[in-house]
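Each structure below appears as structure tokens.
Below are two complexes that have chain A in common, paired first with chain B and then with chain C.
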Partner chain A sequence: MGWRLIRTYTVLVYLFMFLPIAVVVLLSFNANQFGSFPMTGLSTRWFEVLWNNDAIMRAFRTSIVLGLMTAVISTVLGVLASLALVRYAIPGRNLITTLLIAPILVPEVVLAVALLLFLNFLNIGKSFTLLLMGHVIFTLPFVILVVQARLVSIRRDVEEAALSLGASPMQTFFAITLPLLMPAVAAGGLFAFTISFDDITGTLFWKPGGIETVPTQIFSMLRNSISPEINALGTVIIVLTVGLPLMGAAIARKLSTRSGG
Partner chain B sequence: MSAVSLTKIVKRFGEYTAVHPMSLDIAQGSFITLLGPSGCGKTTTLRMIAGLLDPSEGEIAINGRRVNDVPIHKRNLGLVFQNYALFPHKTVAENVAFGLNYRNVGKEEARRKVAAALDLVQLPDVGGRYPKQLSGGQQQRIALARAIVIEPDVLLLDEPLSALDANLREDMRVELKRIQQRIGVTTIFVTHDQTEALAMSDQIIVMSEGRVEQVGAPEAVYNTPATEFVAQFLGASNILPAQCTTVSGNELALELPDFPRFAIPRERGPDISQSGPVRLVIRAEKLHLMPAGTSADGILSVAATVENVDYQGQSARYFLRVGDQHLQAINMIEDHPFTTGAQVVLRFRAKDCAALPLEKHS
Partner chain C sequence: MGQRQKRRGALWIMSIEAREARQPWILLAPALTAICLLLIVPLMFIVVYSFWLKSAQGADTPGFFLDNWQEVLTDGFYRDILFNTLKISAITTIACALLGYPAAYFIARSKGNKLILLVLLMLPFWISYIIRTMSWINILGVSGALNSALIWLGIIGEPIQMLYNETTVILGLVHFLLPFMVLNIFVSLDGIDTNLEDAAASLGATRWQGFLQVTLPLSLPGLAAGGLLCFVLAAGTYITPVILGGPRDAMFANLVYEAIIRQLNWPLGSALSLLLLIVLGALVLIYNRYLGMAQLAKGLG
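What follows is the complex of A and B.
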């Protein structure tokens, strides 16, 4: 009896959480011209409209480029920072770690305004580069957390063995450390990409005029009307931001079982 | 020319001195062991030879070449770790071939060398597997194959047997010695296990608290310990206060409370130069228990009481009292062990005793 209550309750919680998402996905296939119930038939018409909407496609490309660049820069910086923090006894490394992780703890709005004011103070205007910098600041902590955790578990004597066999420190990094670190690097990169792709608060503050990312584009579209296109766009974004990380995790798991962790 | 020579090397970590000035010459092709308890500086010394640590002072030379400023990857050393340190993402064959990638070795030749190395460690058929699929003993053999395939100038072994099960450890000990003799590579072995050191080494260097206590062949170190530390660290020893009454050309006359007066050969106390207080060392297995009343037969003997017995199957360890001194003896059991409270006679030979000068304890 008690268990059945708990089970029902659990199902209800999940419904509450995921039903809206399911509704968005469902309605994106609605043939009706209004993005709401009742459904009048199945159609992929709104995906076509989406595909032909230049503003959205431009925003989509901007988001993809921004996300990829953020992922690459954050991953490279994150790996280098983790190496320095884990492998070398640099002075004040606890402080540096805390500072690098801090952007997670500071409210995004505060960080967004702070960066904007700072650049204003330096007389540097808004630009795509600034937007990219902001996203890197947001995503770097996630990369560092993931990569550091993995790096700690890679035994130092494996690297020392490679050195003793004649590999230079650089060759050792590429032949031993990086391959063993790969699952974390991939996970960190994916995190960075999805966080950047999803971000709206910081982006609203930092984006220069004329540049829209997918979230800001949706935001401005919603101000006029709720077009069924947005449901279709929502579906695409869900596939990207949920599907990609799941796929990445699966790949990482596969890689790590093959390499034996 | 020495394969490895250390000249007054010192290692300090901040205020702490891990290795005090240490000099050592290691002959080509020999198997030498750095033996001592944890924290004695043996691993630090090995890591300095390997190039994983820089000495604070002193010089390290390999084959006559000063290597202080040569980084580890240019020293041509074979290194084997306690935890194998195989590359988990590479196959066994790739692991063994790793060092050859950085030397001018052709593909065909590399394959041949890898096969030969795997043969040498008696694991010819595991080349395609990953390290995780092998047992601990097999992994350590692969680590050894990986270290010797590059024909290193010196093979450095850092407690390579310590992670293995007791039975396997003995097999690997014999195996390791066989391989070392077969290829004749100069080997420096670090261990805290006296049995391994005694069984495998040409020379043992006993270390304690960053200092060398004694250097010598296993038998010499075991039979003639130079310090109380060595006497106690290798095997079970009784160390008794004694008085040296006369130093003559070939004998040291000794007096101990409750013991008859006796003399030991001069070479059993090489560091004693004058009469005065000394320490007498006698190994537990050199004290033979006989039933009380056995005649002395010209052999030294002293009456004792058995206080406790530690039965070990083929042998027994006895805790004994002579007067008010406590001694230990380890004897093979012939029929039945002596029981607690038994009155016995301890027999020993003067030449099995050693005399050490009194150490200045700081």
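What follows is the complex of A and C.
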């Protein structure tokens, strides 16, 4: 009896989470001229409108380039730092860990203001560079958390075996550690990409006039009213953001089974 | 000769040791430099900046003026919005706990499909925040799903404006933050030995008593971690109130945005963001004092 009640409650919670998203997808295929209810039929016209909207396509390209660069830089910095934290006994480790995950603890608005004002003081105004630096800073902690968790579970012995057989530390890293670490590197990079692609709070502070990312583009289109194109864009993003991590997880699993990890 | 060789050998070992000791710092250097230059120093910089003065034109006046802080701390307008922000965050957190706890309990105690249920609930977390926020316009807007349904059912004749008030802001925040809460509660529920509940039952407790006296207290750390995350994230948002709130539903972060981006009053904006940082930082410190950061890291990982 009690269990059934909890189950019903849980179903309702899931409905609450998914219903709004389902409505976005549903409305994006709406034939109705205003893209609202009542639906008059199914059509893909809003996707065509979307495809021909230059502003949105430009925003898409910006977001993808920004996301990729953020992911690469964050992952490189994160892997190096994680190696140091897990593989070496260093003094003040707790303090360093706290420092490295500090960007999560500081509210993003405050981080955005501080970075904007300080770099402006250094004569680096609102620009793509500022945007990139900002995105690297708040994605870095997530990469470090993911990579560190994986690195702890890779046994030291395999690395020591390689070293004792005459491999240099560099060779050991690239031939042994990195392949074993690959799932976490991929997951961390994907995490960084998604967070960067999705960010709006910091981006609105840092972006120069004229450059829009997908979220800021949607935001500026919302000022007027909700147009059916936005629902179509929402559907595309939902497919991408849900599809990409699932694909990433599949690739990661394949890689880890092949390398025996 | 032998002596010299030994000495050279010792030197060589020392240099290896020195290199070993240097290595972690070389690995850490890029990340630490980035954090220091792009977070720590900028935070210290806005502390200094908050004592400067905005001049009518041209560059802001450096110096040590208390004007911004006086305005931020004594102006009733800022105080009201700060309290309102804390109130909205508190209601959001409580709503997330009430919605999230039973769901997390169900996931943790269900047999077999635990992982699928969890991944399913985390999916919205991957879906764009702005899309999820604006999706409520499709539902509650004048031509949204709910109004259309009510008109079709004949309950109302004219569409009602249900959007753009404090309730919809809270609704949007709950929808955004619920996965964080569920995940944290799940992590701590999943770590509780179910034998404990059975033991309580065998000692004559009803299921409900067993839950209240055994499971609930043991899961409190997860609830607290989820609560802290929800509260801090809610108190720092400014997009949700802009999209789902009315003109009078500004939250504290909106004031920061107004001061920095619209009025270009950077000294005042610095003081406002520092006040937000101090209030939320105090909460994190209190949490850390009693519960420690480990639980939070567990939920994030």
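Operating definition for what follows: the second predicted complex is superposed on the first by the 257 of 261 C-alpha atoms of A that agree within 3 Å, B and C clash if a C-alpha of one lies under 4 Å from a C-alpha of the other, contacts with A are read in each partner's own complex, and residues count from 1 in each chain.
Simple rule for what comes next: a residue touches a chain if its C-beta (ideal position, glycine included) is under 8 Å from a C-beta of that chain, and two chains touch if they have at least 3 such contacts.
None of the values given here were measured: they were computed from a predicted structure.
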Which of chain B and chain C A:Ile124 touches, first, second, both or neither: neither
Comparing the two partners chain B and chain C, which touches a greater set of residues in chain A: C
Which of chain B and chain C A:Thr241 touches, first, second, both or neither: second
Chain B versus chain C as contact partner of A:Gln171, first or second or both or neither: first
Which superposed partner A:Val158 touches (first chain B, second chain C, both, neither): first
Partner chain(s) touched by A:Pro179 [first = chain B, second = chain C, both, neither]: first
Chain B and chain C contact sites that coincide on chain A, given as residue numbers: none
Chain A residues within the chain B interface of the complex: 155, 157-158, 160-169, 171-172, 175-176, 179-180, 258-261
Residues of chain A that touch chain C when the two form their complex: 2, 6-7, 9-10, 13-14, 16-21, 23-24, 27, 34, 36-38, 76-78, 80-81, 83-85, 87-88, 90, 96, 98-111, 113-119, 121, 133-134, 136-137, 140, 142, 144-146, 149, 194, 197-198, 200-201, 204-205, 214-215, 218-219, 222, 226, 230-231, 233-234, 237-238, 241-242, 245
Touching residues on chain C, where the partner in the complex is chain A: 20, 23-25, 27-28, 30-32, 34-36, 38-43, 45-46, 49, 99-100, 102-103, 105-107, 120-121, 123-124, 126-132, 134-139, 141, 143-145, 147-148, 152, 175, 178-179, 207-208, 232, 235-239, 243, 253, 256-257, 260-261, 266, 269-270, 273-274, 276-277, 280, 284, 293, 297, 300-301
Chain A partner contacts - residues on chain B that touch it in the complex: 50, 52, 71-79, 81, 83, 85-89, 98-99, 101-103, 130-132, 143, 146-147, 150, 156
